[in-house]
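So that you can tell them apart, the chains are marked A, B, C, D, E, F and G in the order they are listed, and the count of residues begins at 1 in each.
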Amino acid sequence: MAELLQSINLGGISFIAIGQNILKIILVIIAVKLSIKLFGTFSDRFYQKQAESRFVDDTKKINTMSALTKSIITYTIYFIGATMIITIMGIPVSSILATAGIGGLAIGFGAQNLVRDVITGFFILFEDQYAVGDYISLDKHSGIVEDIGIRITKIRGFNGDLHIVPNGNVSNVTNHSRGDMRIMFDVRIPLEEDIDKATKVIERFFEEYRENEPQLTNGPRVLGVADIADSWVVLRIWAKSKNMEQWRIEREIKKGIKDALDKEGIETPYPRRVILNK
Amino acid sequence: MAELLQSINLGGISFIAIGQNILKIILVIIAVKLSIKLFGTFSDRFYQKQAESRFVDDTKKINTMSALTKSIITYTIYFIGATMIITIMGIPVSSILATAGIGGLAIGFGAQNLVRDVITGFFILFEDQYAVGDYISLDKHSGIVEDIGIRITKIRGFNGDLHIVPNGNVSNVTNHSRGDMRIMFDVRIPLEEDIDKATKVIERFFEEYRENEPQLTNGPRVLGVADIADSWVVLRIWAKSKNMEQWRIEREIKKGIKDALDKEGIETPYPRRVILNK
Amino acid sequence: MAELLQSINLGGISFIAIGQNILKIILVIIAVKLSIKLFGTFSDRFYQKQAESRFVDDTKKINTMSALTKSIITYTIYFIGATMIITIMGIPVSSILATAGIGGLAIGFGAQNLVRDVITGFFILFEDQYAVGDYISLDKHSGIVEDIGIRITKIRGFNGDLHIVPNGNVSNVTNHSRGDMRIMFDVRIPLEEDIDKATKVIERFFEEYRENEPQLTNGPRVLGVADIADSWVVLRIWAKSKNMEQWRIEREIKKGIKDALDKEGIETPYPRRVILNK
Amino acid sequence: MAELLQSINLGGISFIAIGQNILKIILVIIAVKLSIKLFGTFSDRFYQKQAESRFVDDTKKINTMSALTKSIITYTIYFIGATMIITIMGIPVSSILATAGIGGLAIGFGAQNLVRDVITGFFILFEDQYAVGDYISLDKHSGIVEDIGIRITKIRGFNGDLHIVPNGNVSNVTNHSRGDMRIMFDVRIPLEEDIDKATKVIERFFEEYRENEPQLTNGPRVLGVADIADSWVVLRIWAKSKNMEQWRIEREIKKGIKDALDKEGIETPYPRRVILNK
Amino acid sequence: MAELLQSINLGGISFIAIGQNILKIILVIIAVKLSIKLFGTFSDRFYQKQAESRFVDDTKKINTMSALTKSIITYTIYFIGATMIITIMGIPVSSILATAGIGGLAIGFGAQNLVRDVITGFFILFEDQYAVGDYISLDKHSGIVEDIGIRITKIRGFNGDLHIVPNGNVSNVTNHSRGDMRIMFDVRIPLEEDIDKATKVIERFFEEYRENEPQLTNGPRVLGVADIADSWVVLRIWAKSKNMEQWRIEREIKKGIKDALDKEGIETPYPRRVILNK
Amino acid sequence: MAELLQSINLGGISFIAIGQNILKIILVIIAVKLSIKLFGTFSDRFYQKQAESRFVDDTKKINTMSALTKSIITYTIYFIGATMIITIMGIPVSSILATAGIGGLAIGFGAQNLVRDVITGFFILFEDQYAVGDYISLDKHSGIVEDIGIRITKIRGFNGDLHIVPNGNVSNVTNHSRGDMRIMFDVRIPLEEDIDKATKVIERFFEEYRENEPQLTNGPRVLGVADIADSWVVLRIWAKSKNMEQWRIEREIKKGIKDALDKEGIETPYPRRVILNK
Amino acid sequence: MAELLQSINLGGISFIAIGQNILKIILVIIAVKLSIKLFGTFSDRFYQKQAESRFVDDTKKINTMSALTKSIITYTIYFIGATMIITIMGIPVSSILATAGIGGLAIGFGAQNLVRDVITGFFILFEDQYAVGDYISLDKHSGIVEDIGIRITKIRGFNGDLHIVPNGNVSNVTNHSRGDMRIMFDVRIPLEEDIDKATKVIERFFEEYRENEPQLTNGPRVLGVADIADSWVVLRIWAKSKNMEQWRIEREIKKGIKDALDKEGIETPYPRRVILNK
């Protein structure tokens, strides 16, 4: 009888082995259930902590991310459990996986953009690289952030365009809404004019302007002579203002300087050329 | 007899084993049938839900995608089932797969574009990045979307060209049809002219125009002095209009400003140059 | 004797095993024959259906593609069958495949262009992206399509060049032969001239022209003032014509506008410059 | 004795097994010899057929390619045979291959350029993309093809440079020697001049020229007004000539037009500018 | 009984084997605990040494990096231990890993950016390529370093923008804060003027300036004639200053040279042109 | 006793097996020795044949390459032999290789540049793409080749720079030293001048020049009218000269044409402009 | 008893097997110790030889590289030994490696930059592509080499910037410090002036200059007429000087030519234009 047992045994399935396999399958099912619970509560706690500390105003986003994370975990564990049970039942799972391997290569390469989008999306959110309402510039587009999703960011250009950028394309971010902005431009003074006088005229206007403009945080100041061009001297103007006010203030300073110089009779120089007639 | 059985057994095929194998094959066939059904109804429900919620006007598209999804699922399951049965029958499937592996590498690399096209196509549809009739810009082409397929998007350029773009090449989308559009251009004023007077003349025209143009949503407004160029002062004009009306309104405003300035005797400045004769 | 059988058996080859192997080989040969037939008829039916529905004028192309598909299928199945038989005969096929694996890597990488060409070629044909005789633009070349092959497309440039483009390089296609073409250009009017009068003169010519030109499908129309440049006002002209007639009509409209403006004494403006002598 | 046999047998080498192995080795050697012969004659016939049909003037090239193909086949089969014999002899070939695998990765990546060169080379020859003596343009270089090798193409630039281009870098080919070439250039006419008169003068010259120039295949013709520039009207000239004659004919037509216009007193316009003195 | 034992044994699990497996699991757990301790203290010592030697002012950074390193080590070892225990328990871990392999490919490709960011981040810190407060230029952005993280670097542009650059994008670093900076610009002298005299005038001003400017570390000096342009001679000026003072000093030198040349009557040349009237 | 033997045997090492293994190891050592000899003499013969046929002046290079090839062969065979012996001794070599596999991936990717350099280097030498002393242009650099190594090529730029280019970066080679060089430039003739007369004057100078210049291989010739520009007629000059003499001859022809035209009173035209004063 | 032994034996661990395994482990440990010693002395000798022959002044660098090489060797051998011992002990090392494989893929891709940096760094040092103090140009940066590390090269730009370039980014090196440097620039002569006279004047100055300047190694020489531009004749000047002296000498020659031409009354030509007034 032992020999019979052995012969069956060698065929791969014996009564004992069957019992063992059923035991194994039950074990796997329990493990699946447990690990889904475990990872679920782990994920919940993680996002709760995140919600408490940093993202005070983004509870909606936290919830979305939490749900997404949970469903990814659940489906992954189910899939692993299923392949384990199939293997234990003696059905050659390797052939399934080999098949999937060929297609998986194609999908793996094709899907890497998707994975990169999601990974970068997580980092944008956790590192708080930009928030809805910020004025940012990415590689090709710039504008006000309208929506940050797990896969794409929507940016509203100043001209009304809606730019839809996959997060994986977000590499170098320039955030224009995180601090005071510089105002810097050049004023042209005729070569014959006294530079010091022109500087004084401009500085006098600056003193007035500074008192009436609370959005200014530094300057304006005449930095000095930036260049001696062929038809004029170039004076460089510098200031700092509250965020998003820089354009208005720059326009106002430009008009003010023009008016101040006009009053003192310092005219804006035209391009000059010496003509030698033959 | 047990020894004989064993000897046969060691050769890999015994009566018991044969029985087991037939059982396994039947199991596989049942599994194949069941999983096709299962995944089919799963896919149906998914698309039905999609059709109910978001894509009210795209039932044709939903049907196409549903059919495509089903046939992909069916063929994949058939293929897996076939390789499993061959393995159970003891024919070395590994050599087939190894062969396929070599070619599969080439195909996998070659086909990744196809996979990427389809994946991106799904995201374009589900994230509603653009719809038929939208005016969009992709990396190289822009125009009105004529057709969104699972692999390619067809865009009709304003000059009549038909651009056929694989979805995988669609990375950063700029949608010009999702909101009001900005109108912004510059008006040149002679350096001698009074800036405030010119601004008033333009603003007076703007008040009239605003009343007669319902497509305007904001402005027009003179933002201020954008630049003091060498032959003129640059005033920046800003407005917002309903979508696709921006070009017509911009042309009308330009003509209106020219007429208004002409009436007040403020001429458009020519480029100037100072000549020093020797 | 059982023990002797066993000892031989353990050496890997027994009389029983030999019988089994011969049986397996016969099975493989039958499977090879059957699958070639099966895939052949499958391919035939597929192309027949294609020929019936869409490609009414491309029967030659269908035949070529059908033959190509069949020979690919036949050689692949022969190769798989051969490796299976060798494996069954106990000759270590894995070493062959391992060797091929090393070279296969190099070839796989090297050949991916070829695979990509063929895959893209199929999509160009099935999606009817362009046909022989169409005027198209690819990334670097444009012209009339002379031949669409399974691997390359031949385009005849307007200057007589023959561009040979691998299909894998065909990414974004611009087809200029699928609809009416726009005509759009600018007319310069002197700054002193009355814009409304000039517009009327041009529109009067357009009315005449429209009656005599059946190839016009829309317009021509004066859209309005596109720009106030420093020496002239820019009027934008717009029209639509039948395909491939746009160049001739644009030339005719240009000449007509010039003649009409000349008759009314509205001259083409030269660039102007103000000179201040010192 | 059976037990002794078995014990030896289990050690992996028995007298029977040795006999079997020697038999296998002989089988492998025969297979190697046969397959070299087989593939050799196969390759011969293939090239013979090629030589008969298409490449009437390239027998030298056919011979080179035939020899190359044969030696690749021979060395590959020897290598496979050797690894098979080593495996049969019980020496662990897998370790050799694993070693080769590591290096093979580096070589595979490094050698992919070589493989790509050869594959593309074959396609250039079989698809007859260009022949020795053709005037072609590749991505970066253009000139007369001097030599097409299996790995590189040599192009003689018109300025005497010898460009050596690996075939793998040959992607988009522009062949300038496959048909008549277009001649197209612009003639500038003063704004005051009568366009119709100038056109007639030029057309009169064209009629004369056409009679004396057998290399002309179409035109020359005045297409019409291409542009109204700020100092002149632009007339577009169009013609077609035999290949490689386009440059000479273009130069002759240019000189002829100049002479014809000069005779009629229609001068070439200089750039014009209006000066407003202040 | 021995035969029974054997039969069970062959089924893969025997009482002895079970005992052995439990022993193995205990061994693994001990190994896990030990290796976490070991690697932890190793990491601690490493960072302590780092803190002592180079990064005197960056203890906060050291702590962060130390904590990060430890948690990476801990989770990696736990994961390895878990898979080992599962394998010993006889549950087929290979199927889990195969599954992970397919997804792992996608993730591996997707995550390589993340890995590259962290690796490059470590090198930036250890090689001290730049520190907080340095003025640096990367490929696309330049400004003052505000924060160096393990994954990203934050740079504050001079115009107020906050550039967020993943460390993996940091390839060629240009650090502008590691030494004295050069000042180099050109002065234009009229062609008729004596070059030696102009040089002397400038050098005389330089001597004065040098005495009053402690931030100058070398020069300023007139290097000589850099170019004979068509309307002037170009003199090249050269100096070296303390870091970040270069812009102020350059502006002061420019103004000083202008004043010195004006005093000597050497005027800045305008562009010249010879006019031949016909 | 047979059973004891068998029991030991099943443990993997039996006296018989030990003997067999020692035999195998000796076999491996002999094979290693033999294959080094074999490949060595094979390599020697190959290079000897190369030295005899093509590279008459490069015996030094042949020796270097021969030595390099030999040492690569020797180390590779030693490495393979060592891993084989370790495998036979029963030490698990697979774990070593698996370890190496992980690192090997990193190294394989990192080292592919090195492999590509060497492969391309071999092709440069065997295909004789350029030799020391040739004037060549690569993608970014051009100059005289100073040294061709197996990994790098050194090029001396005409301005004295030494360019060190890895052979793998050598893709498209332009060799300027393999044939006669073309001289082609344009001569400007005033619009009023008689083109035929100017051509005759230039051709007369060419006849003289041709007699005194043995380095000329073809031309010089006036090709004809290349362009009717707005201020002059453009005549195109064409010639061919011995290699490296093209620059000198071009300069001499230019001066000769200027002198010849001056003598006949045909002046070089200045740019012209029509001024309309208002 | 033999059967009992066998049963245990089949369970994988027998007393004999245990003894064998302990023996194997001891063998591995000895092998590890020996190979560290061996590779260490091998590395020492290699660097000693290097230090003796080529790098006379770089003993510090040799020591660093030697130490680095040794520690890489030591850790690699320890790691291999550890995995071998674990395998022998029967703990499934494959699962560890499989785990590492997934992460290894990510790390392998991420780390390839690091490996490439180190490999390229070795070649830069051994091929002596540049040394500390050389003036070199890489792809994006140029300056004086300050430090060559195993991973990065530090280059000090002439303007004071410190460029930190990973060695892997060093592809084409241009070394400006390996030979005499060319000086080449153009001198403009009025069209009316006698070219031969101007050449003689310049050559006379060259003779004087040559005698007083020992840093000149060749020339200066007037090469001849480089171009007949529309307002002047262009003479090309050529010279060679000692390294790093080229800029000073070029400036001095330029000034000298200007002075010499001024003395002879040959003035620098201004741009000319013919004006036709209407």
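To be clear about the criterion, a residue touches a chain if its C-beta (ideal position, glycine included) is under 8 Å from a C-beta of that chain, and two chains touch if they have at least 3 such contacts.
Remember, predicted model here, so these are calculated numbers, not experimental data.
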Problem set entry | Size of the rotation, in steps of 5 degrees, that lays the CA trace of chain C over chain F | 105
Exercise. In whole angstrom, how far does the Cα centroid of chain F sit from the Cα centroid of chain G?
Worked result: 20
Seminar exercise, completed: In whole angstrom, the CA-centroid distance of chain C from chain G equals 44
Exercise. By residue number and range, which residues of chain D touch two or more other chains?
Worked result: 3, 6, 10, 101, 105, 107, 109, 111, 114, 231, 270, 272-277
Exercise. In graph terms, with chains as vertices and touches as edges, which category applies: line, ring, star, complete, or other?
Worked result: ring
Problem set entry | Round-the-ring chain order [start: chain A; next: chain E] | A, E, G, F, D, C, B
Exercise. Which residues of chain A touch chain E in the complex?
Worked result: 2-3, 5-6, 9-10, 14, 16-17, 20, 24, 27-28, 76, 79-80, 83-84, 86-88, 93-94, 97, 100-101, 104-105, 107-109, 111-112, 114-116, 118-120, 123, 127, 129, 137, 171-176, 178-182, 184, 191, 195, 223-228, 230-231, 233, 236, 240, 243, 246, 272-278
Exercise. What part of chain C is in contact with chain D in the complex they form?
Worked result: 3-4, 6-8, 10-13, 90-92, 95-96, 98-99, 101-103, 105-107, 109-111, 113-114, 140-141, 149, 151-152, 156-166, 169, 187-188, 231, 247-248, 251-252, 254-255, 257-259, 267-277
